[in-house]
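Every chain is named by a letter (A, B, C and D) in the order it is written, and numbering of its residues begins at 1.
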Amino acid sequence: MRPDNDIRALVGYIVETWELSPFWADVAAAVVILAVAAVVFLAVMTFAGVLTWAERRVAGRTQSRVGPNRVGPIGFLQWVVDGVKLVLKEDFVPDAADGPLFRLAPYLVILGVFSAMATVPFSQVLIAADLDVGALFIMAITSLVVVGVLMSGWASNNKWALLGGVRSAAQIVSYEVPAALSVMTIVLLAGSLSMQTIIGQQGGWPWEWYIFHSPFTFVLFFVFLASSIAEGNRIPFDLPEAESELVAGYNTEYSGMRWAGFFLGEFANVYVMSAIATTLFFGGWQVPGVAAEEHGDSLLIQGLGLVIFLGKAWVGCFVVLWARWTLPRLRVDQLMGVCYRYFIPIAFACMLGVALYALVVPAGSLPDVAVHLVTMAMGAAAVVVLFRRVGHHARSVGDRISLAEVLQRGQRFEFDPSVQLRRYGAHRRGGARESR
Amino acid sequence: MKEIRDALAERLGTEIEWHEDLAGDPFAVVPPGKWLEACRAARDDERLSFDFLRNQTGTDVPADEVIEVVVHLFSYKHRHAFVMKTRVSRTDPVADSLVPVWPAANWYEREIYDLLGVRFTGHPDLRRLLLPEDWVGHPLRKDYARPESYQGIPTTRPGKEDR
Amino acid sequence: MGSIREYFETIARSVVTLGDGFAVTLSYLFRRPNTIQYPDRSTRPVVAMLPERSRGLIEIDVTCCTGCMLCARACPIDVIEVKVEKHPDLGRMITRSAVDWSKCMFCGLCTEVCETGALRHSHEFEAGMASPLSLVMDFIDEPVPIVKVKKGEPPPERKPLGSIIRARLPGPWDPPPERREKPLPPVAPKAAAPATAEPKDGGTP
Amino acid sequence: MTDAVGREEIVLNMGPHHPSTHGVLRFVVYTDGEIMRKAVPEVGYLHRGIEKLAEQTTYTSFIPYADRINYLEAVFASQAWAMAVERLLGVEVPKRAEVLRVIAAELNRIANHCIALGCVAMDLGAYTPFIYLLRERETINDLFEELCGARLTFNYARVGGVSHDAPDGWLDKVGAFVARFDKVMAELHALISENEILVNRMLGVGVTCAADAVAYGLVGPNLRAAGVDWDLRRDLPYSAYPGLDFAVPVGGRDGRGVAGDCYARWVVREEEMRQSARLIRQALAALPDGPVMGELPKKIKPPKGEVYAAVEGARGELGVYLVSDGSNTPYRAKWRSSSFSAMSMIELISPGLMIADLVAVIATLDTIAPEVDR
């Protein structure tokens, strides 16, 4: 039996020191659970809030503008002000709407997202409930969001909302499959569903993380990232609330605090998604150079583990925000097509690959480490190419376009043949496709 | 321009009125009876092949009690242009619709009907295009009096007197 | 087999094109933003940044207006109103010189017609008002004699651009001023002009 | 209407206040779920009666109205009006004014295509290209503000020439902008033009074959995308275009997809922006000295007659049919606009599309409400 180092340990400790009778022990357990739930809820609410500010900053900076910088030091308290504004706004219910369903929908979404935080391991000790079936619990509870979105789509008695709700039902359910497959592969590697064990199996150094375990898990990470973006209804899969097509999708009729429920639910979902990705692929709170067991005693290493976990989660969030401001939106049939034609086959292939790999290569042997290093080199090469391309773009157009500056540099205005448009798909696409 | 007119006249068998004394583009005037036939000939005749209906306009000419329906044609093949008019009476303006010849005429004719009141026979769905369905009167007529209000909304803007 | 090749080709193309897009957006994180943070954090007031021909709110410098009303006629939507009346003693006086900024479309046709340049486009644009009625800008408080400009002589010196507007612009929340035509000043009584005053201006009222 | 099983058809009112109808337009969309049976455009919300106003203003004071027929192509509209009146009057426009008009027109074309491509990308979900293109458009607006004082409705062309000569240093600034422009287009191309998601959203969507395009009167980039190699600037040269050489992009030739689909329209517009930059370079080099305004009679009273003058606007042929009766106010002025005929084609293209495709078709056809309703 693993030493349980979550709430049960805490409750056990309290009951011992205060020698409580069974009745009072239950009361103490209830109080502790409520307290921990409140702390986790508030923590994730703040993360979601800061994430809304971070999204607007990232959006600003990627679009060569500034983003909110008036409220708080660098606009950091913008989300507090937004929250107050949303509370003060009138959240009316359209009279033709289905009242109870309309009011219940946001709470289902929030419930679905926040309860997933119960099994997210912030550090070796800091975990609300270290269930043995942690990964399965997360996969199950996040599909509550579908019910909430579908309910809001139907209840607001608005054609746009109905279309948005139905689209999201199809999208989230079908993207559960590749997400579940990739989680299952990691569970296959780690040997247990519990999140703490999954992290425990990985090491602190990058080549010990599961993402660089083999090229299959490397590809699997991107499949997991894409399908969890799809579950979070974020661009490029944000069909249910496509502003340009469905006005505002399922939350067209919502306003004020109810709309804030959906809004926070979406951003909390982004945070939960990157937290799970960190746990599964990036070795969670593992501190490089320190084995998982020695974490228990010193407070410093626990704190360091927490900081490392939050850092990795925030990098994951940045990637999701970054994708939002770069990619266009898929169409509904393409969305389904990509899932069934690309994501599910690749997820299956990677799972088989990982299984065969585990069969052929004994863990810890020389070829195993070699494969880790090769995968890590592959990842590093991708990053280097990306940053070389970034440098090229940054230098080509430059930042602030003040024409006077360009004039001083004496740039003449002949036609610059060196700048050619890179045509990837120059070949004709196999004859004329049937016109729609 | 002249040979286009001669080809058209020969195709239609009747003499076509031709004006080039005024400033700007010369134009041909076709009697209303022959309007659809002339346009069909303009498109199908090998020497003309006007496949592009560039513009179709209605002009109200109260002086001669007539509304002119003007058509500017263009041919991508021969790269030449041609202007053709027909005059319909102002009191009961009816003209043949050109939609069977050029689908582009559909909206042009709906707009002319809407703003000038010329009814086009043979038009698939002749109803007002720009103004609301229950608008009274045809604004582009010279003698059009602007209604004081439309469904309770005054149509006059506070003028200079109360500034 | 072709479709298998195309399958992987699509994946490769997606990765390359999406990756290039990601590179472009990431490159903007390392560049300075383009925003001029008007109104409070711009380096210098935006009015000063505008180029010399920028067509802002119209400004009439009454000290060199000859009352020719060419501008009122040139305006397509009759936004300028200039009224000149004859005063027996002081000669022709401008009793109404107003521009309705709420309807002006800044087309500049009036400024091209004005010979002495009395009517110009200033670079001002900050005229947010509570009610559109306070956007009717009146440039005279009491009737002003018109200016006579001889042929060939340069027009009188004009005030610096925008100064008139900044001086006369009401506060956004002030009630719209009561703007009516300015009555002519009362005719000075003839101060028992000696009977032998010049008989030729027999037309005294 | 309900079918045998009792399923009802959804009638969606897309507009007049909808994020992706450019301007105030309404589409009555008959769909069952996503696939559309028919989309009927309802227009007229932005009808200002400019043609009636034209009968009450003088020839010069109509130019601000001409700018407002299509505020994204203000230079083209006032240029067409000026050309019409000049042909009636027989006034000869000095060479420098013609070249200045060409420079202003091509700058305006780039600014308009910035909005067009930006809106297509934004309607398909990518917000960032729109902001980059708006940054370029802001630079062009600054250039115009220096030239004639306005940023959107310039009121720049006059009958017989142009209102202002280029201020000193302005031509170098235009040169600097154009020098940078190819790099900006390369960056936009890297960001979005070959983006697999965007390309797939537009491949084979809303196809208008060449015969339909000509029959329904499509013009400009929409016509060229449909495969008809036709450009007024090259085939019916006017103003200072005969001396300048530029390539006319035609859809379906390079790149992917079919001629006439949305992606062909995107590729044609993108290539046109680069060609406009090339045109401006040649125009800057060929700018002669001299007056900016031809000799004009004191009062502009064109003789009795009628004329049709057309200009290759950013959206295609923008023509005015001007009838004058010898007085100083026009007798009748009819504007031929490209969005009008493009909008009349929506009913033909829309059966079978999905709602997301209708949004893409409207955006790539670049229809804009003021030009449809006038």
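Just so it is clear, contacts are C-beta pairs under 8 Å (C-beta built on N, C-alpha and C of every residue); 3 or more make two chains touch, one makes a residue touch a chain.
Note that the structure is a prediction, hence the values are computed from the model and not measured.
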- Task: Could you see whether A-C or A-D has the larger number of C-beta contact pairs?
- Result: A-D
- Message: Of the chains shown, whose Cα centre falls closest to the middle of all protein Cα atoms?
- Response: D
- chain A and chain C: spacing of chain centres that average the CA atoms, whole Å: 54
- Query: Distance-wise, how many Å sit between the C-alpha centres of chain A and chain D, to the nearest whole number?
  - Reply: 42
- Item | Centroid spacing, where centroids are CA-atom means, of chain A and chain B in whole angstrom | 61
- Residue list for chain B, restricted to those that touch at least two other chains: none
- Task: For chain D, write out the residues touching at least two other chains, lowest number first.
- Result: 128, 135, 142, 187, 190-192, 194-195, 197, 199
- Task: Scan chain A for residues touching two or more other chains and write them down.
- Result: 62-65, 325-327, 393, 401, 422, 424-425
- Residues of chain A that touch chain C when the two form their complex: 58, 60-66, 322-323, 325-327, 342, 385-386, 389-394, 398-401, 422, 424-425, 430
- For chain A, which residues are in contact with chain D within the complex? 59, 62-65, 159-160, 163, 166, 235-236, 238, 242-247, 325-334, 393, 396-397, 401, 403-404, 406-407, 411-416, 419-429, 432-436
- Residues of chain D that touch chain C when the two form their complex: 57, 60-65, 128, 135, 142, 145-150, 153, 155, 163-164, 167, 187, 190-192, 194-197, 199
- Note on the structure: Note: in the complex, chain C contacts chain D through residues 10, 13-14, 17-18, 20-21, 23-25, 34, 50-55, 74-76, 105-109, 112, 121
- Note on the structure: Counting only contacts in the complex, chain B reaches chain D at residues 22-25, 27, 51-55, 57, 59-60, 70, 72, 76, 79, 81, 83, 102-104, 106-107, 115, 128-132, 139-140, 142
